[in-house]
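Letters A, B and C mark the chains in the order given here, with residues in each chain numbered from 1 onward.
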Amino acid sequence: MAILRTEGLTKLFGGLSAVNGLDLLVEEGEIMGLIGPNGSGKTTALNLITGFIKPTRGKVTYEGGDVTGAQPHDLAGLGLVRTFQITTLFENLTVRDNILHGIHLHNPSSLMGALTRSRKYRDQQTMMGERVEELLAMVGLEPRIGAMARDLSAGEHRYLEIAIALAARPRMLLLDEPATGLNPEEAGFLMNLIRTLRDDGVTVLLVEHNMRLITNICTRITVLNFGAKIAEGTPEEIVDNEDVVTAYLGKRRGA
Amino acid sequence: MSVRSTARYGFGVPVLGVALLVPLVLFTNSYNRGLLVLIVIYAIGGLSLDYIMGEMGQFSFGHAAFWGFGAYVSAKLALDLGISPWIGFLAAPVAAGLVGLLIGYIALRRTRGLELAIVTLGFGVLAWTVALRWRSVTGGPSGLRQVPPPSLFGWEIRSELAYYYLALLLLLGVVFILSRMRESRFGRAVRSIHENEDLAKSIGVSATKYYVFAFSFACALVGFSGALYAHHFRFVNPNLLGLQYMFIFLIVVLVGGTGTLWGPVLGATIFVLVSEWLRALQEYRFLIFGVVLLLVVLFMPRGVYPTLRKMSRRMRERSETAGEPALRAENRGPGGEQRG
Amino acid sequence: MNWDIVGQQLWNGLLSGSIYVIFASGLSLVFGVMRVINMAHGELTMLGAMLLYTFTKLVGLGYFVGGALVVVVMGLTGFLVNRVTVRPFLGQSELVVILSTVALSFMLLNGSLVVWGSSPKGVDAPFNEIVKVGGVFITTAGLLLVGVCFAAVLGLYLMLTRTKLGKKTRATGQNLLGARLIGINTTAIYDTTLLIASGLAALGGVMIVLVSSASPNLGQPLLITGFAVVIVAGMGNVAGAVAVGLFFGVTEALFGQFISTYYRQGYLYVVMIVVLLLRPQGLFGRK
């Protein structure tokens, strides 16, 4: 069953199309890759799907409902959660507080509870504390719980960002170039993490530059160039596709 | 009380002692005690502006308009309808909060930062113009006089000392609520928008909704401070809505330090006392204020309170090796944070 | 309807509109290029007027010589304003810069009150004949005011669009980092931007005294009107500020004549709020 589908998704900036008639289909429970050269419209597509920018034309369907032009926070409420290309954290807060803020949607406490510090509120806080530890354990950041987010290494930044996204309990996670700035070892850890998420039932749309990562873990890949889809298929099909090689790999080889 | 709250209120406890004793020992005449009342009222106003500046990371140039509005609401209720100032103390924040909700909704849907500052300036000046012109309601430029003081069990709180203790109690309540709100779901949502609006949205925080309510809350709080002013000084006039008080709240917040609960309280104290000492200089006073303000911004951009705290921490670190948990999330080192 | 009165108010509106135009264009320039709200902009105009009074009445210079000197002095003051109250704070939050300009405005206003006192001071216009055009009375001093204001703003426009400095200035405003990367000395651009804006503000003050008197209190209301113009036009949009400034001057005069003198100032803010509701980025602003 398709969890996410875009039909004719188009975004014009001035007269130029950043995304042009994109039809994308993501099946529930898969890891879908979205690749393409720089400026091919990957991030714009992601912004359109998650409501950060409004499409000029086209339709986005999530879990069978039309969510075209919906607000990002409403989509997050529906379980559609994203990360950002440039690592985005609450830099001035601790790792722990980063996650606590990320729990927003699943924070049961009331204002009155917080003001009176009622027993119920304290229990809720304890539960949230456990949830924080659970999430940090998943991404291997437990020892860094008290550190300031801005003091983390590049790899830790990425893991924390993913943990924040997970705090919102996504059913579908859109990751925008999560492997950027990671060394091979860290990228390997990331791959395992994404697989674990998939096994836990989270659908993943992975926008990525790192071909190794993409071909290793994705079930299917869509390739964009100049805002339009030029190929779609399994990693093997994509690697052998002439158009893709010219548009993407060829360009890389020449660079 | 946990270790952490001792740390948070650490400065507060001795200060509270001083605050309770000072009118009995030092500020013994009624004029000087009036200054103490003013400190408390400005502190509440400053705290509310700091809610916008420190918690939301935004700025409202129309904040004094809500202060004056709150003062007018409570004064009008008492003067025209004979409603008790106690009800006024509730009605003023409710009214200011509702107007704040409306204006916040208009302004915060699209504007942030500098644009918001200018937009709220526009609203503030409009409110001031209306207060000045709508004579039948506001009394025009001369305002309204004979605003009654609140009374308790048939005894009117006219003495500065009693009013000061009342206001101080309310101030402590405000500080308490503000500190607890920080860890509430609402407080965290507001802070997350401040820290990173895109990230906050992506994890499901409705940025506009929370900012509008946070703005409204700050307006309610300053309206409350305005009502306290009206029933103590027993007059209201359009100047209360004007830029002069806006600047005063701004000085209170920035001299004290934004994002620190006690900063505005300290800022209000410094402002009222310094302007009193400078009174002898008459018109030179405001000139000197400008210079002082510039120097404070230049040398203590984070305000006096954080600077003092830093100094005291440094002194403590020198005297003992065992580190005490730092006071602010921002300054907390790795590992120093675990708590139940 | 008495068309003579309409005509007279159109003329009056053109006078105040011209002042709004020269004032708001400087305010908008500073915001557009530096992302700084200069809360002292009104006081710079006020200082222009007060200095002109000093130069002509107390020193004995002629209006034109005195006026030129005022603009030069205030232009240099603008440079100082940048160095003392803007530049040291640019790395910090935008609010800190607002605050430092608030402090400056506090100093200038109260310093002026100490130096000149609060009573309005008259300045002799170089010529002041009254000409009757149709049923409308027009003063030659007023004509000078309108002419100079528009010439100055046209000059600013040409500078921004036609000269190398102007292109660098606009580039700096659009993308500070990018401008630095392509080798623009953005510090110098900031210096000149405040120099020009301050000179324009002071020129506005020199013009105001042609139709009104100089007083230390003239800056604040002007600043507030200036903000209304800038918001309605779209923040940082200099050309828009010209159109809106003129429109505000004229419609405000007509509003005062035919609807209510009382709420004349409020009228501008109602327009501003309606614009904000319908088009928060301003009439000429881009999203």
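Basically, a residue touches a chain if its C-beta (ideal position, glycine included) is under 8 Å from a C-beta of that chain, and two chains touch if they have at least 3 such contacts.
On a predicted model such as this, the values are computed, not experimentally measured, just so you know.
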Chain-contact steps, minimal, separating chain C from chain A:
2
Going by the average position of its CA atoms, which chain sits the greatest distance from chain A?
C
Based on mean C-alpha positions, which chain is nearest the centroid of every protein C-alpha shown?
B
Can you check how far apart chain A and chain C are, centre to centre, with Cα atoms defining each centre and the answer in Å?
48
CA centre of chain A versus CA centre of chain B: separation in Å?
40
Distance-wise, how many Å sit between the C-alpha centres of chain B and chain C, to the nearest whole number?
33
For the complex, give me every residue of chain A touching chain B.
50, 52, 71-74, 76-77, 81-84, 88-94, 96-97, 100-102, 104-105, 107, 109-111, 113-115, 117, 126, 144-148, 151, 164-165, 167-168
Residues of chain C that touch chain B when the two form their complex:
31, 35, 37, 84-85, 88-89, 92, 94-96, 98-100, 102-111, 113-114, 220, 224, 227-228, 230-231, 235, 262-263, 265-266, 269-270, 272-273, 276-277, 280-281
Can you list the chain B residues touching chain A in their complex?
177, 180-181, 183-189, 191-192, 195-196, 198-207, 329-330, 332-338, 340
List the residues on chain B that touch chain C in their complex, please.
53, 59, 106-107, 109-111, 113-115, 117-119, 121-123, 125-126, 129-130, 133, 243, 247, 250, 254, 283-287, 289-291, 293-294, 297-298, 301
